[in-house]
Each structure stands twice: as structure tokens, then as C-alpha cells.
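Labels A, B and C are assigned to the chains in the order they are written; within every chain, residues are numbered from 1.
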Amino acid sequence: MDTSVDKTVITRRSNSLRVITSIKTPSFVKTNKRLKRSYRQIRTENAFRRTLVLMGLVIVVLVLGILLTLVVQSIPSIKSLGLGYLWGKTWDPVRDIYGAYPFLLGTLITSFLALLISIPFSFSVAIFLGEYYPKGWLPNLLKNTVELIAAVPSVIYGFWGLAVLVPIVRSFESSSGIQPLGVGIFSSSLILSIMIIPYAASLGRSMIQMVPSPLKEGAYSLGATKWEVIRSVILPYTKSGLFAGVLLSLGRALGETMAVTMVIGNTSLIPKNIFSPGNTMASVIANEFTEADKPVYLSALIELGLVLFLVTVVINMVGKKVISRFTN
Amino acid sequence: MESTVVSSTNFNAWFGSNHVVKDVNIDIIKNNVIAVMGPSGCGKTTYLRCINRMHELIPGATCEGKMLLNNEDVYEMHPIFVRLKIGMVFQRPNPFPNLSIYDNVIAGYKLNGIKMNKAEKDKIVEQSLSKSALWNEVKDSLHKKGTFLSGGQQQRLCIARAIAMEPEVLLLDEPTSALDPISTSSVEELLHELKKNYTIIIVTHNMQQAARVSDKTAFFYMGELVEFDNTKQMFTNPRDIRTQNYITGRFS
Amino acid sequence: MNARIKYRIGKSTGFKALIIFLAFACVVPLLAILAFIVKAGITKINWNFLTNIPKPVGEIGGGIANALLGSLIIVSIASLIAIPVGVLGGIYLSENRKSRLAYWCALSLDVLQGIPSIVIGIVAYFWLVKPFGGFSALSGSVALAIMMLPVIVRNTEETLKLLPDTLREAAFALGMPFHRVVMKVIVPCGVSGIISGVILAIARVAGETAPLLFTAFGNPYLSASPLKPMQSLPLLIFNYATSPYNEWHDLAWGASLILLAWVLLLNIVTKFTTRRWKVQL
């Protein structure tokens, strides 16, 4: 394409956000008051386009700013505690000892235990709504109700957990000879598992509905039962999609703060078994942030926040990547 | 002496690196109906959309050459001015779904924030709808939304909307290809009336339609303007072999 | 052969029964929670409850008026910040799909959506609390606005992307400048989708506690000043539920019921507005 032509030619990428700079007024404008107005509108148009671009920029800068703030505020801790901080088994701010291992462990145990408990339920909902009964008023009701699980504020889950679940666990513990605290890793995993059901369920359902009919019909025409079609056609096909759903639920579990804080027992000791009290990264931040009187103390907590940020972002990105590869 | 309203000189257009309109030279005379025809993908719609600068709305679309409206280069003014003088009707009727019929007709004014009193607005609505032969059918339901109208009526509504802006030129991009035969013939009859006041350029897939409605016809093939002549002449005695093949149906 | 087939069919039926059982079983905890909150909270709500602030421990009576007002103010300010940025951001992404900035913007939104709410609270603390020396409702609102952004932008973008291109073409062909095409044609046609996105965002942040822990912080008194600490419903529930006082537990139950009802109502409203928009198109 020859761009070195007649200077009256305008050859440009028609990106609709390109600000239009050539405003030669045609002769008929001067004879028409109505058209003269349009001249003013061109300036507004450019301002509007610039505002839109600005908003796009604001969003990017916002996320970068969040990352930057976390990093900058973690620096004191990183500098004085080094990387051993992550393996340190003792957290004792009074004596200036900061080791994040108890919280990493607490986070991992509660999240994975919650996943383990919730996955059978999530997948059942996904298979029920995706394959058995995709249409109808009852399935619709189930779908909406499961989605409402995600709508309930976490502090309410925590309060209910404290008032109802913890006493139940406590009586179970005392009748089993375990120290009857009620609060602990187990209780918080239970609450968490209820809360994360909708995420894997709704993503799983969409993935299952995407299985092409010809594939299923092929299996049915060979005399397969519904269970066999699910096991040998649907599940293998949606494997990566279901995995992405699990990642989504995991990401949610890792970042959950309030319900866990209220039910986990809040101790900085390494949990001995699943009935022990403990702490997660999110819950220790929630509890101790306002009490952190030393700069290193605060910075150590922020560093936990940074780790949490990075882990959840990575998990979410991986999940989204898997989904986009699956749908293409 | 007839005056030239739209004139292209060495006009080219691209989609990215795809050269879709090649070196077109045309002079269009006032109050004529010009049919632009050709097989699918020959560049006729692209050329039409270049006239009122709709082509550049597509990302990656570019063009070159002179496109004159009354001897002023359309590509040297802001597109808003161009589109106020050159109206367009699209292949699929596209009245604004959230506006009533009345508001659709004066949409060009209302949505541009041009204030008029009710008398002026009523006058414009009635005139435009009458000119597009829709007034009698909708005059009692002006304030209903336009989507309940039939395809042909919706298209005439779009024509009314375009002529309400008092353009000089009307561009019609296969306006009847989505319509049934009766609606098609009502739109074609309309063109005979409209050409008294406007210059009309109509892209059409349908040779018979070109023969019926136009004074002159332009035949495009693979992006080039192959032939441009009086309609009668082109259909009875085409000069180029490609035109001949197209008319006799060797390819379409 | 018959026995084998019967076995396979039996297995399939058994599996189906298991799936149905598990699918409906997971709803039971939710229903139990709803029932419990209603039972525990309904007796606590009366006019007194809604119009008084909490009394000091030991005194009877008292209510959650400060939390109700506080939630209203914090969420309103957050909406005022998030809605313009979010809707314009959504318009930006829907009108401009191929530029590099749009790619990074979409990526940033994905990241933003996954950030745990407590992390956002931390960042808001360092941006708006520490530099100004005190907790404030405004800092809480900013934290909530950040959480509302991805929802609003996503919904706006999806809604506007679904509108047919012919709409834009018709508007441009009438000589409309870009800002009018967007604001007078595109946005009005997509308005119910945008609104449902806004309602969803509000429902999401109305119940958030973590971002407010170190920003709005809470306030035992009735306050309407955005520059001072402010109480909100979820904060009150958290603080009072974890306290050792029974009177405060009662307040927390009443507050829980109100918060729950409010959030569920918003979610149900969204479902209806979304459906209506789909039919219109």
C-alpha cells in the first residue's frame, strides 16, 4: 500500500479511538446553523474518547499500584527476616520472632480439606444441572439456590458457624476424647467447604453443557448407560474445565477471611491434628493487623498479604487460561 | 448542464492488506439513480460505505484517492459533516429498538441534541414519512416502538429517518435483499419518487432490480469498476466481456 | 447377557440417585443457616432496634442504627466512585477490542477480581488511612469501590458487546459523533444489563467485612461524616458476634437477619432484571 500520495489523502488506521485532527470546515456548514453546532461536538467527541482511554489506564494503574504497595510495605520484613521467614515455625511478635510456617500450613490444610469435602457436592450439582436435568423449574431453583450460597456474606457464615457448628463439633470432640474446643481447623474447613461449593459447581455445569451432542450420541447409540456416558465421554472431555472449576474454588478458599477467622481458634502454634486450633494467612492478618506496634511486625503481616495476593492471582490466572484453552 | 454531485478519482480501499476497491473513477450526476452491481465480494458495498465514510469505522480499514461531494473532498472534512449530507439505509432494517416511530424519524436531530419545537418536529416527521410512503400506515401509532412493523415498513422507516436529515445523496446498501417481494416493490416505487429530490446510489445483488430502478449502472468485478453506463445501454449492449458474462448469468 | 445389562443399568440408576442426593444435600446447610438466622434474629428486630445505637454493656436496649446508617453511607460513596469508572471502563473495553491497552486492562480486571478482600483492605489502609492519620468511612468506601469495579466493568462490557453492530452503524450514518452514539444509543439500549451489574456489585460489597477492618474500622456512635471512622453492618456483626456479651450477640443476630435479607433481595432482583433484558433483545 502506497502511503506517499496526494497530501489531500488521509490514510489512517481507523481505530475508533483515534482522535480526529483534520477539521476542515466544508462550505455547506457556513450556510447552515444546524451544521455549525456539529463543529462544537467534535471537541466533545475527542474529550470523550480521551476519557475512555483514561479509564482503561486507571484500571491498569490501580492493579499495579496494589502490587507495588504490597511489595514496598513488605520490604522491611524481607530485608530483616529474609526468606527463612516462610519456613520459620515460630510466630512470637513479643519476642520479635516471625515465622510464617504455621499460617502457610493452616491455609493449606483448611483450603484443601474444604476442597476435598466440597468437590463431590460441587460436581454432583454440575452433573445434575449439566447433564441430567438442564431445563425445568426444579433444576432452575436448584441452580439459583446454589448461586445464593455464594451470595451470603462470609461474616454470617462465621457467626452461624460459631453459634451452631462449633458447639456440635465440641460435643463430638468431648465424646471422642479430643480436647473439646469446638473451634479449629476442622470447623473452619467445614464452613469453608459450604462456602466454596458454588464456584466449582457453576463452572463445572457450563463446561459439561458444552460437550457436543454428537459425542454423547455416539456412545448412547452403542448401548451405553447414562453413567457410562458420563464416565467415559463427558468427564474426560471436561477434565480441564472441571479442573479450572476446582482452581476457582481453591482461589476463593485461600482468600476467605471472616468466616475462617471466627471459627479457627486463632493461635499461632502449629496445628497438631485437624481438630487443633490454628490460623490462616488471611485470619492472622485480620486479627493482628491493628495490634502490630512494631514496623517489622506490620511488615511481616503485609508480606503474608503479598504471598496471599501472588498465590491467589496465579491460581486464578491458571484457571482462566485453562478455561480459555478449553473453550477454543 | 447537469451537475456532478459525487465524484471519485483513483479511489482505492483496503481491509488490512486486502485490496478490495481498485482505482475507481466515477462521476455521479444530480438526481440520478445509480445502481452498483456485481457478484459477491466485488467491493461494491465497500465502495458505497467509503462515500459516507462508514468504511473507516471497521478496524484496519483504510482508503486512498479522491472522493468529492460537490467538489469538496469528503476525506478532508470531519465525518460528521459528510454523514449529515449523505444518508444511508442498510441491508437489514435497523430502527432504534428503544425509540418510538416518531422518535426514530427525528432520531438524527434528537440524538444529536438539536432542539426544535413540537411543530417543527411534527412537520419533519410527517413529511419524511409521507415521502417514504409510510405516513398513512403509521400515522395513528406514531408513539409505539418501531419493532412491531413488518420488514418492509421498518425499511421504509429507516428511509424516512435518513431523509429527515435532508441529505443530498442517499446511499442504499441492498435495501430490499431482506424483504419479501411486495415490500421490495413498494421500496422500488419509492425510489422513483425520491429521485426528484435526492441523488440515489443503490447497491444491489439483483440485476432485475438494477434494470428496473436505475438511470445508470456501475458494474464492479473483483474490486474494479468494469463498466459504467446508462442502464438501458449496459443491459442491451454491454461493452466489456465480463459485464456480458455477468448479465447472462455465467457467474453471479 | 441379561444379567450383565441389568447390572449396568442398576449401576447407572444408583449413580443417578447418588448425584441427586448430593446435589440437593448441599443446599441443606444454606437452608439451615437461613432458618436459624431468621429464628434468631426476628425477635430482636423492632423499631427501637433500628433507631438506637448500641448501648454500653450491661444496659438493655440499644440497636444498630449506627451500623445501618454507616453501611448506607459507605456503600453509597463506594457506588459513586465505582459506577462512573466501571461503566466508562466497560464502554472502553466494548468499543475498543483490539488495542494493547485494552488487553492489559482486561488482564488487570481478571487479576483484580481474584484479589482477596483483606489484601484490598491492607492497600486501602496504606493509601488512605496511614497518610491521613486516621480511619475513615471514605477509605472503606474506596476499598469497596475497588471490589465493585470488576463486576461492573464485566457486566457493562458483556452487555454492550452483545448489542448488534447495525445499531452503531445506523447511529453513525445519521452523523452522530462518537460520544453521542455511545451515550444516546448504545448505553440506553443496554441499560438494564448495566444496572443489573451495578446491583450485583452492591450486593457483593454490602456484606464485606475484611476490607473495612482497617479502613472504616467501626464506630460505636452514630456518625455521618465520611472522614471519621464509621460502623457498618458486617463489621458490627463480626465485632459483636466474637464478643463475650450476650446482649451484643442479640444485636448481632438482628443485624445478621437484616443484612442477609438485604443481600438476598438484591440478588433476586438481579435475576429478574437480567431476564427482562434478555427478552427485550
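One rule holds for everything that comes next: contacts are C-beta pairs under 8 Å (C-beta built on N, C-alpha and C of every residue); 3 or more make two chains touch, one makes a residue touch a chain.
Remember, it's a predicted structure, so these values are computed and weren't measured experimentally.
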Most distant chain from chain A by Cα centroid: B
Among all chain pairs, the one with the most C-beta contacts: A-C
Chain centre separation (chain A, chain C; CA means) in Å: 14
Centre-of-Cα separation between chain C and chain B, whole angstrom: 48
Distance from chain B to chain A - Cα centre to Cα centre, in angstrom: 51
Chain C: positions in contact with at least two other chains: 98, 175, 177, 180
Touching two or more other chains - residues of chain A: 15-16, 38, 41-42
Contacts with two or more other chains, residues of chain B listed in rising order: 57, 59, 79-81, 84, 112-113
Touching residues on chain A, where the partner in the complex is chain C: 15-17, 38, 41-42, 44-45, 47-49, 51-53, 55-60, 62-66, 69-70, 73, 118, 120-122, 124-125, 127-129, 132, 142, 144-149, 151-160, 162-164, 194, 197, 225-228, 230, 251, 254-258, 262, 282, 285-286, 289-290, 302, 305, 308-309, 312-313, 315-317, 320
In the complex, chain B residues that touch chain C: 52, 54, 57, 59, 79-84, 87-88, 90, 92, 94-98, 107-108, 111-113, 158, 161-162, 165
Of chain C, residues touching chain A in the complex: 8-9, 11-12, 15-16, 18-27, 29-30, 32-33, 36-37, 40, 85, 88-89, 91-93, 95-96, 98-99, 101-102, 104-105, 108-120, 122-123, 125-127, 146, 149, 153, 175, 177-180, 182, 203-204, 206-210, 213-214, 234, 237-238, 241-242, 249, 252-253, 256, 259-260, 263-264, 267, 271
Chain A to chain B touching residues, read off their complex: 1-2, 5-6, 8-16, 20, 22-29, 34-35, 37-39, 41-42
Chain B partner contacts - residues on chain C that touch it in the complex: 98, 164, 166-177, 180, 184-185, 188-189, 280-281
